[in-house]
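The following pair of complexes shares a single chain, chain A, combined with chain B in the former and chain C in the latter.
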Partner chain A sequence: MERTTSSAVTGLKYLALCAYLVFLAFPLLWLLSTALKTPQEIAQINPTIIPNDITFANFRAAFDEQPIARSLVNTAFVASVSATLTVLLSIPAAYVMARYRSVVSRAVIVWVLLSQIFPWVLVIIPLFLLLRDAGLYDSRLGLIIVYVVWSMPFALWMLRSYVASIPYELEEAAAMDGATKVRALRSVVAPLLAPGVVAAGLFAFVSAWNEFLFALVLIRDPDLQTISLTLVKFIGAEGVARLGPLAAASLVATIPSLIFFAFMQRRLTGGLLGGAVKS
Partner chain B sequence: MTIKRRWSTVAAGLTGIALLLTACGGDDSDDSDSSTESNGAEGSGGDAAEEPAEPEEPITLEFQTLAWQTASMEANEEIVDAWNDEHPNIQVDLLQGDWNNVNDQLLTAFEGGTAPDVFHYESTVLQEFGDRGNVLDLSGYLSDEIRSDIREGAWDTVTYDDAVYGVPFLQESQVVFANATILEDAGIELPTVDDPWTWDEFTEVAAELTTDDRYGAVYPLKSPTNRILNLSRNYGAEFFEDPSGEATAVFGDAEAEVLGRIHDMIYTDESASPDGLGMSSTDALPAFFDGQYAMLPGAIWLRQQLMEQAPDDFEWVTLPALEGDSQQQGAVSQTLSVSADTEYPEYAVQFIEYFLNAENQVKLAAGDWLLPTSQEAAEAPELNDPETGWDVAVATADVLEIAPFQLVKGFEEWKAKVSEPSLQQFFADEISLDELGAKLTGEGNDVLERYRR
Partner chain C sequence: MSKARPKATTSVLAAPRGRPRKPQPRRSRRRFLGLDRDGMLLAVPALIPVAVFSLYPLMRGIYLGFTDAQAGRATETSFTAFSNYADLLDDSYFWESFRVGLIWAFSVTILQFVASLGLAMLLNQKIRLRWLARTLSLVPWAMPPVVIGIMWRLIYHPNAGLLNSVLMDLRIIDSNVDWLSSFSLALPAIIVVGVWTGMPQTTVVILAGLQSVSKELQEAASVDGAGAWQRFRAVTWPAIAPVVTAITTLDFIWNFNQFGLVYVLTEGGPGGATRLPMLFAYEEAFRYGNYGYAAALGNVMVLIIAVFVAFYLRQRFKEAQK
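Let's look at the complex of A and B:
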């Protein structure tokens, strides 16, 4: 009897999981479906998920009319570099904020919080002028700097809580065994901090990948444009969109970030610290 | 302890420096004056009838287009390529902007002195740009040829006092699209350009075509303000008194006419579908193709969507603009303007005149399915093809006039805060026509008041 109940519960769990997966995957499936439809089929009163006449014309149109591949390369470069820099800059700062309580540390915490209060649209013009005067307007480097500054506060907070969750006793134990500070950080803290680093990196990467406003204002050269700027070219006046090519281009644009996620999510392992210290 | 403090200082400092980059931006907002001073606006202007000589050294002009349809983009590229071949020392770089973000992008670029030399936008924003010193007054640069070729009504949309802030080249007018099969089966005689339907006749036909599973018409009313104000010119509606001066919102019988007629079709006659309330024109197409609506009032560009999306066996026809006291419609124009910061105002205007000559306007109008402002272009055979409704579209050219609201300072805020929500309430039958009028004038004038100070 108990075994039957247990099987039923397991079945329900899988059912709920499947429903959740469908819920999550549906927008992507709809995107794929639209990308493979003719304009006539997209405008049908009763749309279907499986196209009646599969066409690749939308993909051809998207790639013929806009530099999708070049935009993807630009976006991948900008997102990767800004994510890497964000993490590299955030790790030491987060460590200090979590481990050391000084006036400077507290001031930085307040400053980080304050920086999150201002809407970015308020600083866009001053930021634009600053970058222009620094010769960084219309350059990937300028965009990378902005993305790093944009992502850092949240990444910092995220990493700070990860560092705080690593018991300091582990570092003390390493010191007792003769490890230097650097060795303790490298061999004890760094491995335990890895999930946090990956999470912060993913956040910075995805933020940069999807970002639109800064790229719109700071990039003019078509050769440097990111994918969000390219996608919006399929939308015209009064919000009328060329749905087929837009869906095709959007689908292509999601693939690299999906691959990146699939690769990185294995490292998002939690629970490494369970039982590390006797409480 | 010392080591701890050093770590703390270095890392926190690193963070601080990075974050400072953001904060510092806010303090630099006043530093733009030195680099954004207008220089082009004070240009000599030169002889309006003469083309400037080619520069001895090659120069490059940046031209930002908002073309986004395939045919329209191809037309832009073709014209720019031809210009570049003919003018080796005045090369034009074609940039593609987008309609939905161009305002933010241009405003930032004006502030930073990085605006393109020539840019594509629409007449409604030019007054603001002109007041801010962002666009060049072209009145001293334009040739007689382009002045006489473009319709006077179109020039009105870009002229403020004596300043001309752009060259108008594409306009949108309102017509009616109909399911030809339904009308033919019902034995409806189609109106002609010379004998268009009046609003009364249109209402009667819509009622006649309404059945249990079909509405005679649908009005897409997602963002109705511009369309209603433009169509209301059929009855001489102004909506604003002294629009170019100290504008005041007004609402009388003329302003109530089109609004009342549409409302009655939806709720009294029940010959127009209430579904249109939240729809854009393109949203209405699937049900139009499905025969759920017999007629669809819309802008002439919708023909492109009909051509592309209509099922092969769907027969549609473009009917002439409706007639009230007259067929007059308010209209805005798509424009090409010159940034006040350009180093080469004469060459920029020379390029615009080339880009918008009659031959090129035919290509541009065909690409966007809009009305060319060039009178010579409007006579081109490809823009008068009855099969695709071009004959009807071009016939509206004579009845287009500047939309009075275009001159009103504060119109965009009046529209966003008062008009759009009030019209939505009215068309949802939540408020009466009188209450709508009270909102448009009462709350509306509170908004406009601020712009008069």
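Let's look at the complex of A and C:
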């Protein structure tokens, strides 16, 4: 539009874009580069971004250290059990929230919002006391219960909108064709709900996988540690020689949430109901 | 899919009682909280754990803030009303932590907003490498907080860190700086990490706001001879103001409540220079065992957050009236 200044403006824009790219990307590149370097190279006076010779020894070293492999297994177990439970408990409740005009729906939405802004310390102290008295302190079961309860509000919210997007007419049509309620739910609602179930399940899995504060307070036994805890313990003894395996283990710990985000990005662009009902 | 199934027999017996406005299973007879029996059966498995493991602890947490509960004490805890709060007012560590928390929350929120607004405006234009910037701007979101902390520790590492090596090459510093252990540099250093971490959410929200700005108004304004700044002030800003208020309020609350990231980066050190209120509360509760005192601090934070939510709601109300 303003042609005289346009080339200068474009130049400035690209300069700004470059600054953003550097700021956003370099920490990641540095993590990757540290993970691929030999200990000698990490200790070098003048480190470079691109490793001189790429090595995967750090990944091997990370997995050879017992705690990391074991805590990856622990985390996978805790995260998958709590994701499964979250989804199983949420589906019926989400159906109710979408299909009934009930105070429960509104209460859950308020609860979702509140749980976003709450200082967690206020919940974690009594929760710690409660689990300790129930004999669930320092146990996987205790951690699973906490994760289920804390990812449920958001999972409910997600699933509710998936159910709401399935037209009730579909259920009615199935009933008209002589299907029982159960049958209608199973063969009409369930298939359409599948993407929502996957999304909610992944969400619960990733939030449990990434969680740190609850695990820090509720788990003491090194054999039960989740990956976040083990990585933080790893930092304590921070010789330069250990930086490579630490970076490698951190990269491995990031994989589940990267998959989740890649998946969610496609979900957001793909149409949900692809022509189930003509409107 | 396994779930508590509604009993098929009830549908034959029960008659609809007043056609509800929204289509819903019409087996409503006696209702509780707006739910009939099937609804209750379906909702209860989810509601019970939530009540036991989040609603109840929350209430008990608020109550604990008014008691002298401590770890490993044989005597009963007793109700002490406001004595925890009086202690807080006298506690210089609390005030220091509170001051650090406010500096942290305000700086991170403001810088996050400015950086994200700039990035969102760039991403809203036809510009080369936009796909790369879009993807990269989402990545911090996809990373576990603990990994973000470790990654930035590698950047700030005194001997093997990227930052020192770059600054040395540029001759800005002449000896390695230990960023995270320096009393004066630790807080600014973690503020940068906070901005990096929180940019995705803010950018995405502002970008969505920008995409809803009317193209016609923009063009009309530029036909009338408005410059870029005037267009921004008169057309863009009023359109995105509501989302900006929403996301900055949320950002502020999130930053004020931050724990994991800073715990991994500095554990609140050196000498409390980065001890945010949540870290203070964590230490009080789980290092010194002062449950009641820590819960009292939690209550104070709830009050502060409530003030910000009230401010946000007032702002929303004003915008709605325009």
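What we mean here is this: the second predicted complex is superposed on the first by the 178 of 279 C-alpha atoms of A that agree within 3 Å, B and C clash if a C-alpha of one lies under 4 Å from a C-alpha of the other, contacts with A are read in each partner's own complex, and residues count from 1 in each chain.
One rule holds in what follows: a residue touches a chain if its C-beta (ideal position, glycine included) is under 8 Å from a C-beta of that chain, and two chains touch if they have at least 3 such contacts.
Worth saying up front: this structure is predicted, and the values here are computed from it rather than measured.
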item: Touching partner for A:65 - first (chain B), second (chain C), both, neither; value: first
item: First, second, both or neither for A:137, with chain B first and chain C second; value: first
item: Which superposed partner A:112 touches (first chain B, second chain C, both, neither); value: first
item: Partner chain in contact with A:235 - chain B first, chain C second, else both or neither; value: both
item: Partner, of chain C and chain B, that touches more residues belonging to chain A; value: C
item: Touching partner for A:43 - first (chain B), second (chain C), both, neither; value: both
item: Touched partner set for A:148, first chain B, second chain C, both or neither; value: both
item: Partner chain(s) touched by A:56 [first = chain B, second = chain C, both, neither]; value: neither
item: Contacts of A:222 with chain B and chain C, given as first, second, both or neither; value: first
item: Chain B and chain C footprints on chain A, overlapping residues; value: 42-43, 89-90, 92-93, 95-97, 100, 102, 104, 111, 115, 118, 122-130, 145, 148-150, 152-153, 156, 181, 213, 216-217, 232, 235, 238, 240
item: Chain A partner contacts - residues on chain C that touch it in the complex; value: 1-6, 8, 11, 20-25, 33-36, 39, 41-43, 45-47, 49-50, 53-54, 56-58, 60-62, 64-65, 115, 118-119, 122, 125, 127-129, 132-133, 136-147, 150-155, 157, 159-162, 165, 168-169, 196, 199, 222, 227-228, 250, 253-254, 257, 259-260, 263-264, 277-278, 281-282, 285-286, 291, 294-295, 297-299, 301-302, 305, 309
item: Complex contacts: residues of chain A adjacent to chain C; value: 1-2, 9, 13-14, 16-17, 20-21, 23-28, 30-31, 34, 42-43, 46-47, 49, 88-93, 95-97, 99-104, 111, 115-130, 145-146, 148-150, 152-153, 156, 168-169, 172, 180-182, 185-186, 190, 193, 197, 209-210, 212-213, 216-217, 228, 231-232, 235, 238, 240, 243, 246-247, 250-251, 253-254, 257-258, 260-261, 265
item: Of chain A, residues touching chain B in the complex; value: 39-40, 42-45, 61, 65, 89-90, 92-93, 95-97, 100, 102, 104-105, 107-108, 111-112, 115, 118, 122-130, 132-133, 137-138, 145, 148-150, 152-153, 156, 181, 213, 216-217, 220, 222, 232-240, 242
item: Chain A contact footprint on chain B (complex, rising order); value: 3-5, 7-16, 18-19, 21-29, 31-32, 66, 68-70, 73, 95-96, 98-101, 104-105, 108-109, 111-114, 223, 280-282, 285-287, 289-290, 292, 305, 308-312
